[in-house]
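Labels run A, B, C and D following the written order; every chain starts at residue 1.
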């Protein structure tokens, strides 16, 4: 139920993993690559991962969500390498008898993935590039340095 | 972006409506039909709608979510008629620059749909059937009467 | 006036009809209508259950005044999704 | 002891290398290692930024004691998703 891949993600295939006749709800998150950063046009994104640890951490997040929300179906796929604009970089799919747990678990899983999984995203512009420090972080490309969590 | 249909729902097609290169998040809810109710095997489900009003209310829910969460891409499809076990009866797909709004709006949209849209679900068993009063409601098939919201 | 009242789902099955004809006074409200419906069909809904009414495809409060030709529907507890 | 320290993303680019060799005393901790890394590569991360270390593919607290042969990686702020 965990996948780290250079291939394009197929949300339908990943979501299909969490369908069960005993479930009434499937909540899916698709992370897609945005075409701009503070008005600057992004041409493409490069995702780099520390593979062994990323897979381990993705599985940890999966297990955490299953334990915390009493779930059995949690699938996570993360893409690495070059990802074009508008393409899917992350899929989290949760199947659950009831929707509340599915929504909470899916949201928290994405938050945790962005906190703990050693994957890095570089935005490539016409005139340069920038390692994204962390999502929604006010970060000027000029002072492109590391930032503690 | 609103659909009430007898045909099988195609989540990928519905989700595709909310993709935008300016969006970083797509959250999708799939409501699927469960195979049991309090241990009783459900064979199939029958959805009935007051069509004109259901479409109007679905569009109202959509507009509410767009206004409350500052969104532009909200797609809702609800199936009616006979729906087999494990099939999809409802799809809500939200596209948003950021994930928080997408998760909140999707969850709230589903809650509101279940509160205000005039659609009714009948569970068909081997030995009878039951109009479901409202989801997660402790409701004995024996005293199968209406229940105010 | 005579109103054609449409029924759905549970109410349709309980009444054994898609539509019932209900006579109310001119100027009658939604509350007057549901009171009359309860007289005609005492088993439609138990007393503790509020019968929800839609007029012209929108929910109508008990004090809404009905007009001839209104599209009046009784809405059992919804269970979509 | 001499440790091979792997770098990723921003740190890899700043150092201009996938791996750096860092000499620390036997019994050195993760904190000792990052102090030494800062001496070798003062521009890797500004002083106010904590350099996060993974030992054998898991996050390691500053007081963890390093052993020869440990897989040591420096983890810049993550930005997956």
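One rule holds for everything that comes next: a contact is a pair of C-beta atoms (placed from the backbone, for glycine too) under 8 Å apart; a residue touches a chain by one contact, two chains touch by 3 or more.
Not measured: the values here are computed from a predicted model.
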Steps in the shortest chain-to-chain touch route ending at chain C and beginning at chain B: 1
Chain B-chain D separation of Cα centroids, rounded to whole Å: 49
Distance from chain D to chain C - Cα centre to Cα centre, in angstrom: 72
Gap in Å, rounded to a whole number, between the CA centres of chain B and chain A: 25
Numbers and ranges of chain A residues touching at least 2 other chains: 31, 110
Contacts with 2+ other chains: residues of chain D: none
Pairs of chains in contact (touch as defined earlier), listed by label: A-B, A-D, B-C
Contacting residues of chain C [partner chain B, same complex]: 6, 8-11, 13, 44-46, 48-52, 54, 57-59, 73, 75-81
Parts of chain A lying in touch with chain B, wherever the complex brings them together: 11-12, 15, 19-36, 85-86, 97-100, 102-103, 106-107, 110, 136
Chain B residues within the chain C interface of the complex: 31, 47-50, 52-54, 56, 78, 89-90, 110, 113-122, 131-135, 144-149
